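Heads up, the next two complexes both have chain A, just with different partners, chain B and then chain C.
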Partner chain A sequence: MHHLLPVLVAVPLLGATVLVACGQRLPRVVAETLGCAFAAGTAGLAIVLLLNASPPLTEWVGGWTPVGGESVGIVLVGVGPGLGMAAVASLLTVAALAYSWHYFDDAPRRHAGSFPALMLLFQGGMCGFAIAGDLFDAFVFFELMSVVAYALTGHRVEEAKAVQGALSFGVLNSLGAYAVLMGIGLLYARTGELTLVKIGQGLDRHGGPDALTLTAFALVLTGLLVKAAAVPFHFWLPDAHAVAPTPVCMLLSGVMVELGAYGVWRIYRTVFSGLAVIPASDLERALVVLSVLTAVVGAVMCWYQRHVKRLLAYSTVAHMGLFLIGIGSLSPEADDGVALYILGHAGVKTALFACTGVLLDRYGSVDEHALHGRARRLRGVAVLYVVSTLSLAGLPPFGIGLGKAVLEESVGGPLTVLFVAVSAVTAGAVLRVATRVFFGLGTQPGDGSSYETTGIREEPETRHRLSRVPDTMTAVPAVLLVASLAVGAVPGFAAAVGHAMSGGAAPSLHWTRGRLLLGLTSTLLALGLATLAVTRSKPLGEPSWMAPLRRLQSGHIGDYVAWMLVGTTLLAARALPGILNG
Partner chain B sequence: MSVLPYLVAAWVFLVGCYGLATSRNLIHAVGCLAVCQSATYVLLLAVGYRDGGTAPVFSDLKPGSRPVVDPVVQALALTDVVVGATVTAVLLALVLQISKRHGTVDPDELSELRG
Partner chain C sequence: MTRRVRLIVLAVGGTGLAALLVAACFCLPGFGGDRHPYGDRVVRASLARHTANTIASVNFDQRSFDTLGEMSILFASVLGTVVLLRQTRDEHRAEPEPEEVALPVRRYALVVLPVAVLTGLYVIAHGQLSPGGGFQGGVVVATALHLLYLGADYRALERIRPVGTYEAGDALAASAYLVLGLAGAVAGTAVLANFLPYGTFNTLSSGGTVPLLNAAIGMEGACAVVVLLARFPDQAVEIEKGDGR
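And now, the complex of A and B:
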């Protein structure tokens, strides 16, 4: 079985090559079918591997097996979490390709294969990153998926906003990746190893933490947190998500940023968690502080947006903060909770982006104020939107609700309150959009802050503005929503996720009365907030302290880079006291 | 083994970041990103250096006769160059489009996305 691991990366790359080579001569239907077939084949393979992942699969590519414990080969490791991420990435790629089926705008220069080929490359990069067993290959796959993501974000090259967002995305993420590479160089200098497990053992042998390990740790973490959009590394995300084509947004928000969080988890667990390399309390302190900030900033910015895609992007930032709190709390229950949460979130967030894409292609706008009451006739989409929103808040028995409740119980204390508040605010904001756009409730709001990005006059992504919504564009979000429901509602699924995470039995991953109550609380709060916002716009209007927060998101690459350096310094400084005392 | 190459690597990385943060031209910014990446080449090659070592090419060298530098980091640096070329190409293409659509490559004048 382990011989199949490299195939997981090879199939999408092969598919992309075929599409690029023959795309010009293929009719569009054939090219898109081929793309879907390759993506679906990879997804099937990922699921088969996932089901056979215990004991863990290890493959030395090309037969470069270690000799006497030493190796210069490339190792791929198939464990539950990694293969799970690969499976989610692959399934979402299939969904995104199905969503863009036949209706998506013609590719530039009439090359029917270019868009599906890029999507397949993206899928290959994500799968590779998920199963890479050594740090350098993780970096290479990280860059592969990033570069393809920049190209996909700026795919509509005629759009002024799209190319600007793609450039911020590109500069920030590449700079983060180079920081990771500096860190990898330092770790190699210390241990002479590149495989994750061996670096961990090498650091253990060397004993306590010192400046070099700490610097490497801060650098590696910087790059991954840029990908995971933690504050203050998050600025690229709203800019990129607001402008990327909808199928690409689905992948970016649904799985790519989560892969950053997965990277943090994996690298801390295998490399730095050894005997006193970086003490657990230091990581917890550094990560939890940043994550709480991320969750709060994401939620506040989410509430005060009118551009629907940006609003959803900020909600992703807020939820990333919650995932990172779970990862930073370093307990097995929290890990199980985060896994369920990510699964549920992937389905729901992609469904929301898919529905927003319908609005864009039907009305040529994604502005909450301009769309007020205009989408009354889209009943099916309205139902999907509202149900997605409620499950985003944690409505039982959706997967998000279960994952979040498990996480809330495991972190405890004030953090539980934060979880409930953040999910209520973000879901409340999306619900506010839904009630205004689909039901026309409340009065049409006036102009907001002059500084903000509005969503009016956006170009539809389809060839023409849609007069009726094609079935694929509604079927895909519906299926994703059902999948997200199944994560939490199908008995035994959550336990299987727990088993894949830890390899052992997961004792308590099911709905209990307390968890139901937590889910219902945040759902009701979200409903209340949305009602309040729609009926009385005054008390929830924009306060004066929002202006500086808004101005931070300036769209200026230089500012974003400066913030990234601040973040790296903070990361190193937060972990410093442990080193000095130790 | 001197500490100088490591200081150079850190300095090159930081000076690249400074250039990015203060850039008034997006082509210059992409160049600065390439400068940051050059720091990784310096670091990797410094890590693999051995005193008195020569290139690890064994066509005219008897294995074990004299020290050689670490070939692994050289392979890494080579891969890194390829990655860097790809990134720079994509980003420059985006800058070209920005210049066409916005009519400027000054990041201070791009105000489509904010808030």
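And now, the complex of A and C:
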């Protein structure tokens, strides 16, 4: 079975090359069908491997099995979390390809296969990153998924916004990748190894932590946190998500950003967690400030948006903050909670983006104010939207609710309050959009501050404005929503996820009265906030302190880079005390 | 942010990062020591497989999976460029005008062109024996073709450079690498296994699958660079905004 690990990467890449090689002759239907088939095949393979991942699968590519404990080859590791991420990435790729069936207005001339080919390359990159057991190999596939994502984000080149968003995405993430590469260089200089486990052992052998390990830690984490959109590395994400084509947004928010968090989890666990390297308390200290900031900034910015895609993007930032808090707390319960949360979030966030895409292609706008009451006739989409929003808040028995409640219990104290508040505010914001757009409740709000990004005058992505919504565009979000319901509601599924994550170290992964109460609290809070916002706009209007926060998201790439450097310094400074004492 | 604030933020972050890097440099092992744990293992492994150029052995045998990723990055960048620099609805294509070329330039370009192509092919073919290899040789071949642009004109270049064919070539080369890798699983033991006979050390046919993977990368690199170099002047020379004059 372990021989199939590299095939997980090879299949989508092969699909992409076939689509490009024959792309000039293939009619669009054939190209899109082929794309779906390759993506679905990979997804099937990922699931089969996932089901056989205990005991862990290890494959030395090219048959370079270690002799006397040493090898020059690359190792791929198939364990629950990695294969799980690969499976989620693959399933979402299939969903995005199905959603974009006959979608784009002008497929490049004689290049019908290029969009599905790019999606397959993206899938290959994500799978490769998820199963890499070698630090440099992880970097290569990290780069592959980034490069494809830049191109996909800028797909609608006719619009200046798309080019700007893709550019800031590209610059920030490339700088992050350079940081990772420098970190790898330092680790290699110290240990002479590239395999994750071996680097960890080498660092351990060397003894006490010093400036080199601290710098390598800060640099590697910088690159991963740029991808995970933690404050202050997050500025690229709203700019990119607001302009990327909807099927691409689904993948970016649903799984790519989460892979950054997965990278932090995996690389810290295998490389830096040795007794003498970076103590757990240091990681917690370094991560917790950034992730609390991420959650708060994301939630506040999410509430004060009227551009629906930007609003969803900030809600992704806020939820990433919550995932990172869970990862930083380093307990098996928290790990299980984060895994369930990420699974549920992937389904719900993709469904929300898919529904927003319907609005964009039907009405040529994603502006909350301009769309006020216009989508009354889209009843099916309205139901999907509202249900997704409630489950985003943590409504039982959806997967997000269960994962979040497990996480809330394991972090405890003031952080639990933060979790409830952040999920209520983000879900409340989306619910406010839904009530205004689909039901026309409340009065149509006037124009806000001049610095706001409106969502008016957006070009639809489809050939013409849709007069009738195609079935694929509503079926895909419906299926995703059902899947995310199943994560929390199917008995035994959560336990299986817990088993794959932490070997069943955290015993009780099911709904208890306390967890139901936590989920219901945040759902009711979200409902309350949305009602308040729609009926009385005054008390929840934009306060004066929002203006500077909004201005930070300036669109100027220089600003973003400056903040990124500050973030790296901050990470190192937070981890410094433990090293001085150690 | 104003320029002033931005510079202050940048200075704070930059100083912190610089301090970290300087401090880390003092912890690096000394320069030119005799301890090379990875290097020793790599050379041993490459000699065992009759590959004279250790770098080629690392690229196409020991860490050939990384090369698969790198090749896919190049392939994805080319595809991304093709998609992003496409002719959009509000643009149209203008015929390039021929331009007079100074005689010495023309003669020089036409004499050097075959030599440069041959050099590139040599560098690809001897990748497993001497410094060089697929990526490097591919770039030499691709740039050599562009001497025609200097020597003749843009239209002459376009005749020997049907971009569509090179795009397909790029994809075929990439799939050849993948198919060779999968063949390793069928004929040998694992994906990307070196399943061919290793041959005689220091001859063209040594190294098992190394020369084949190397050739696939050579073709991919050459095609990729041709397409990349074609797309940018295309955008500048031929594609114009609006409905034309």
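Assume the second predicted complex is superposed on the first by the 578 of 582 C-alpha atoms of A that agree within 3 Å, B and C clash if a C-alpha of one lies under 4 Å from a C-alpha of the other, contacts with A are read in each partner's own complex, and residues count from 1 in each chain.
In the analysis below, a contact is a pair of C-beta atoms (placed from the backbone, for glycine too) under 8 Å apart; a residue touches a chain by one contact, two chains touch by 3 or more.
Values in this document were obtained by computation on a predicted structure and should not be read as measured data.
Visitor: After the superposition on A, what does A:78 contact: first (chain B), second (chain C), both or neither?
Guide: Once the two structures are laid over each other on A, A:78 reaches no partner at all.
Visitor: So in the superposed three-chain picture, is A:3 touching just chain B, just chain C, both, or none of them (first/second/both/neither)?
Guide: Once the two structures are laid over each other on A, A:3 reaches chain C alone.
Visitor: Answer with first, second, both or neither: which of chain B and chain C does A:260 touch in the superposed model?
Guide: Neither partner.
Visitor: Who does A:573 touch here: chain B (first), chain C (second), both, or neither?
Guide: After superposing on A, A:573 lies in contact with chain C but is clear of chain B.
Visitor: Tell me which partner A:455 touches in the superposition: chain B (first), chain C (second), both or neither.
Guide: neither
Visitor: If we overlay the two complexes on their shared chain A, which of chain B and chain C does A:554 touch? Say first, second, both or neither.
Guide: After superposition on chain A, A:554 lies in contact with both partners, chain B and chain C.
Visitor: Using the superposition described at the top, determine whether chain B or chain C touches more residues of chain A.
Guide: C
Visitor: Return first, second, both or neither, reflecting whether A:64 touches chain B, chain C, both chains, or no partner chain.
Guide: In the superposition, A:64 contacts chain C only.
Visitor: For A:242, using the defined touch cut-off, is the partner it touches chain B, chain C, both, or neither? Pick first, second, both or neither.
Guide: Touch partner of A:242: chain B, not chain C.
Visitor: Regarding the shared-chain residue A:174, is it in contact with chain B (first), chain C (second), both, or neither?
Guide: A:174: touches chain B, not chain C.
Visitor: Could you pull out which residues of chain A sit against chain B in one structure and against chain C in the other?
Guide: Overlap of chain B and chain C footprints on chain A: residues 72, 136, 140, 143, 147, 150-151, 154, 157-158, 182, 186, 188-189, 194, 551, 554, 556, 558-559, 561-562, 565.
Visitor: Of all residues in chain C, which touch chain A in the complex?
Guide: Touch residues, chain C against chain A: 1, 6, 9-10, 12-17, 20-21, 23-24, 26-29, 35-38, 41-42, 45, 58, 61-66, 68-70, 72-73, 75-77, 79-90, 164, 167-168, 170-172, 174-175, 178-179, 181-182, 184-185, 188-194.
Visitor: For chain B, which residues are in contact with chain A within the complex?
Guide: Its residues touching chain A are 9, 13, 17, 20-23, 26, 29-30, 33, 36-37, 39-40, 43-44, 47, 72-73, 76, 79-80, 83, 86-87, 90-91, 94-95, 97-98, 101-102, 107-108, 110-115.
Visitor: Show which residues of chain A lie in contact with chain B when the two form their complex.
Guide: Of all residues in chain A, those touching chain B are 72, 136, 140, 143, 147, 150-151, 154, 157-161, 163-168, 170-171, 174-175, 178, 181-182, 185-186, 188-189, 194, 238-239, 242-243, 449, 451-453, 550-551, 553-559, 561-562, 565.
Visitor: In their complex, what parts of chain A are in touch with chain C?
Guide: 3, 6-7, 9-10, 13-14, 16-24, 59-64, 70, 72-74, 76, 106, 108-111, 114-115, 117-118, 121, 124-125, 128, 136-137, 140-141, 143-144, 147-148, 150-152, 154-155, 157-158, 182, 186, 188-190, 192-194, 210-212, 214-216, 218-219, 551-552, 554, 556, 558-559, 561-570, 572-573
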